[in-house]
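Next up: some structures, all given as structure tokens.
Same chain, two partners: chain A is paired with chain B first, then with chain C.
Here is the complex of A and B:
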């Protein structure tokens, strides 16, 4: 089985590495799109730094929104584990990504053993999109109003809970008020997909209000766990989250300037390194930049100058990934170990094939 | 490889008086002068002082809270830019890579992250592993988790507590145990807003004192070299000196380390009800040989406070500058708060600055007082050179004092204290004593057999400059810094204890996590291979 291609032609891994390294070395502005585990991310960022490129995540758009919540205003948070064990009142905010539904169903099947002991109560605050399927499954009490966006609904709820006048009212606010009075540790569950930046900021304002006299917190369930893991990895490596570039050899963070898709569209980038070792996706079509594709694929990526097949962390090889189950990183063992190389090992080989042959720090 | 450092003034209090002698390094270790063997590499260090590599026992350099602080402040930390003034950590590199380089440039070769939440141990170690050059270690936080509190509430045996502590230390690969405002994080989840030594945690009925005393005893019984590392109650508030005094009195003949005592050096005198109690605390420390302390010195400028004392950090939200914070109610011992803060040269800042220096200067025994700014809480660690100067020069203190709030300084003893630290005392405080406190027999001195962690400083009148840019630094015998610049990258290890886990406790932990979190224990532990560096850990022995 082939694991490396130049164009659509199968080649040896070594030839593919050599060819890719030539492209990297001659690029004026290489950009990286990442979607891999912690160690793949570490190595790719190190290579981007070496090449004075820029990097983003495949889920860069929603990730940027989640990062902005923290970097613009911060907030009050708790972990999934603590919410499960302590909170008898869970308020779902907007749409929660399907990847987290099992987690929330597991909470529904358990009772808190600390704080609010006893049966868990669920609410769901929604905007125009209406009540979600998950909320119906969890028998959540709906909080919303016709024609109100999620941020509008949150603003109205916040005002009503503070005893302020609002032009409209939400359904079931009185019921929520009673539940809040009963609960010792109510928790609002949200994701970057739940709403826009003002919605998330409004939610944190609401949580802050509740903490003036009582306790409340929020659980942040990333729109994509691996993307969040990449953000955390990027933070310790460079001091900045993704959408960071090294144009003057020092990292700089700018969610607009280093938006890799924008850079490709605007022809600022001349080489795109596409790393997809999880979803095994191929780079989006239509760009005019040269593409190096590192993906868990069995075929060359259409339009890619070089394609190298890599293994999946947790399947082909061991790895480390972020998980909302624990709210932090956890080690993942290979479930079907194979000879497919990890992203990390390929990136290190690429660095070794560059002029100077200097090893990466990761 | 045989390396010879020729002609330096060797300051090595463990191995004798300061003298001019050669230092020999062979294969990463310090050796006696070899007979009949020539050096492969010779460095003329005449006009320089030679010390062991420095050890920082309390600096928040990696882990969940540190990373959240990076996330909160991307626009301002400017770690990698040409140092714009007046931004948080503008003078401290804030990536893992910068952290290692900046420490090494100052001659530090071992640094301890003092607050590792057990459930985020993998994250902490991933970060520590990406800090180049230096060795690292982490202290595991205990004392706010349901398991510990339940053991104490239910009157379980001290042996069971020991088994649990040993399991946590071993599975998280920690070098010791820290307790942070014991019981307060658990109490805060029950909406308790202040918490003192004899207050009890709701639902558990266990006092903060009981938690501290139980963990202190357990750490001692287990032979963990570093005494229980205590972040006491009531940090930062006027009157906190009383809490510190009670905690010091609670040692009762058993060793205990009090972290960042400066933040507890406050009384309630004066018009602003905020005064210095440093002299009283210094006397208490001087009179109690079981206590060691580190200072947590405040230096002026922008920083960010990072603490797992979530109750304290929540109460400080109003002081955030800029106005954004993260408060995290974590699992058990995790969580905390990130509150950016600017230390101004006003009344409060001046008093805090003076309290730290008073403690440094009034505590007599340099073996029991440790040099820290509680990075980044009191100041970024890159402020160390200026702090060395303040300790070694009363003129420097006087000069700085003229810029500060005279009313605040008038309520302290600082102006009357003329003590100046000697280089020998600096070597004790930053090398020999930390090594002893942490149980690191292989470092902190320049005797034969020690690892070759060596810092060479060019003597000069400018003390800060001397300590900011080491002339040479060797880590395990590798020359890593020359003239204040990193010349060679290498990867240090994380120092850890490895107490054997009790099988029954492992079974209990598996059951506990499956029942309470619905997850197998594997989610909370990790194999060494997860770090993906060769031999990322080095084992330190427990006391027998």
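Here is the complex of A and C:
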């Protein structure tokens, strides 16, 4: 089975590496789209830095919204473990990604053993989309109003909890107020998919208000765990999350300027390194830039100048990934070890084939 | 003396950082030194002389002839003198400007007037998102000066505005005046959803009743206040508008009650 292609022609891995390195060395503005494990992300960022390129995550849009909450507003956050053990009042905010439903259902099946006691009470703040399936399953009390967006509902709730007037009123606010008075540690659960950046900022303001008279916090469940892991890895390496560029050799974060999809659309980038070792996706069609594709694929990616098949962390080789359930990184063992190379090893070979032949620091 | 003129030779391949082409930075430089200023932001950054034909000598009055959305940070840090651009510009035009004037005859990209503390920016076309707003991680937006957008503005215009005036004359997107701390935003034309969301203080002045107001703004009647007449006169004196915006006894909403609720939306009644 071939693991490397130049265009649609199968070639040896070394030929593909040499060809890709030539493209990287001659590129005016290389950009990277990442979707891989921690080691792959680290090596790709190190390569982007060496090439004075820019990098983004495949889920850059939603990730930028999640990051904006931290960089532009801040907030009060707790871990899922603390919430499970201490909180008898959970308020779901908007839509929670399906990947986290098991976690929340496990909370529903348990009772807090520190702080609050007894059965957990659930509420759900919703926008125009209405009550979600998860909220119905958890028998959450709905907080919302007809034709009111989530950002509007959060604003009204925050005003009402402070005893201020609002133009509309939400259903069941009095019930929430009683529950808040009873609970020693109410927790609001949200995701980057829950609402837009202002909604999330309003939510954090609401939590801050509650902390003036008692304790409250929030649990942030990322829209995508691996994307959040890539953001933390990027912060660790450069001080900035994805959508960072190295145009003057120092990292600079700009969610507009270094939006890789925009850079490709506006023809600012001339080389796109597409790394998809998780979803095994191929680069989006239609771009006119040269593409180097590192993906867990069995066939050359359509339109890519070079395609190299890589293994999946946790399947073909061991890896490290972020888990929102534990709130940190964890090791993942290979379930079906194979000889497919990891993203990290391919990127290191690419760096070694560049002029100067300097190895990457990671 | 003829204004120092930078004529764009062709659409640049990379984004250019033109913050160095401000009067204070150019004063005293020879033509050769100016041509050697680095403006490119790519791996092999281009110099001013590579992308512009440079003529004229008066560095206090700079003209950029040409149009490209890749001309970033035009007038960034401008403290005095004037810059005129004959076409479109990219991101962060007039960023952190403290004085002087920046006149853009085309459209501007994101973050026009971001962090501005003084001076005057006039954009004859449209401005993209975040006009006058802070960059990622900053906590204060525009702190002074006048930003005039004669076309449309995108979303988040005046985010975290602390002082100064933003005038948008052909409508704006969602969340105008988002997290406003003080200052004034004038909008004529349609206003998107949720103007004044998380607004603490300051004034949003509209030429019509806003359609999609935040539900935590409450009507306060039609106060007979001197402010509307004074501000109308200011807008006409500054050549921002040709006729009064609010008129006598404008309608008023107070909010955002989700926060301190000390901001206001004033609008011309009857429209």
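Annotations for the structure displayed:
Heads up, the rule we're going with is that the second predicted complex is superposed on the first by the 362 of 362 C-alpha atoms of A that agree within 3 Å, B and C clash if a C-alpha of one lies under 4 Å from a C-alpha of the other, contacts with A are read in each partner's own complex, and residues count from 1 in each chain.
We adopt the following convention: a residue touches a chain if its C-beta (ideal position, glycine included) is under 8 Å from a C-beta of that chain, and two chains touch if they have at least 3 such contacts.
Everything numeric in this text was worked out from a predicted model, so none of it was measured.
Considering which of chain B and chain C touches more of chain A, the answer is B.
Residue contacts after overlaying the shared chain place A:71 against chain B and chain C alike. Once the two complexes are laid over each other on the shared chain, residue contacts for A:284 go to neither chain B nor chain C. Contact with chain C, but none with chain B, is seen for A:151 once the two complexes are overlaid on the shared chain. Applying the stated contact rule after C-alpha superposition, one finds that A:253 touches each of chain B and chain C. Contacts of A:29 after superposition: chain C is touched, whereas chain B is not reached.
Using the contact criterion defined above for the overlaid structures, shared-chain residue A:159 touches chain C, although it does not reach chain B. In the superposed model, A:323 lies in contact with chain B only, and not with chain C. By the document's definition of touching, neither partner reaches A:352: not chain B, not chain C.
Residue overlap on chain A between its contacts with chain B in one complex and with chain C in the other: 67, 71-72, 253. Those residues of chain A that touch chain C in the complex are listed here as 27-29, 51-52, 67-68, 71-72, 148-149, 151-152, 154-156, 158-159, 162, 164-168, 198, 201-202, 205-206, 247-248, 253-257, 266, 268. Chain contact summary for the complex, chain A toward chain B: residues 38-39, 42, 67, 70-79, 81-82, 84-86, 106, 110, 113-115, 184-185, 211, 214-215, 217, 231-233, 235-241, 250-253, 318, 320, 323, 325-331, 344, 361-362. Across the interface of their complex, chain A is touched by residues 62, 64, 66-68, 70-75, 77, 79-81, 93-98, 119-120, 122-123, 126-127, 130, 132, 146, 188-191, 203, 314, 324-331, 334-335, 338, 489, 516-519, 522-524, 526-527, 529-530, 532 of chain B. Contacts from chain C toward chain A in the complex involve residues 13-15, 41-45, 69-70, 72, 91, 109-111, 134-137, 175, 178-179, 193-194, 197-198, 213-218, 256-259, 261.
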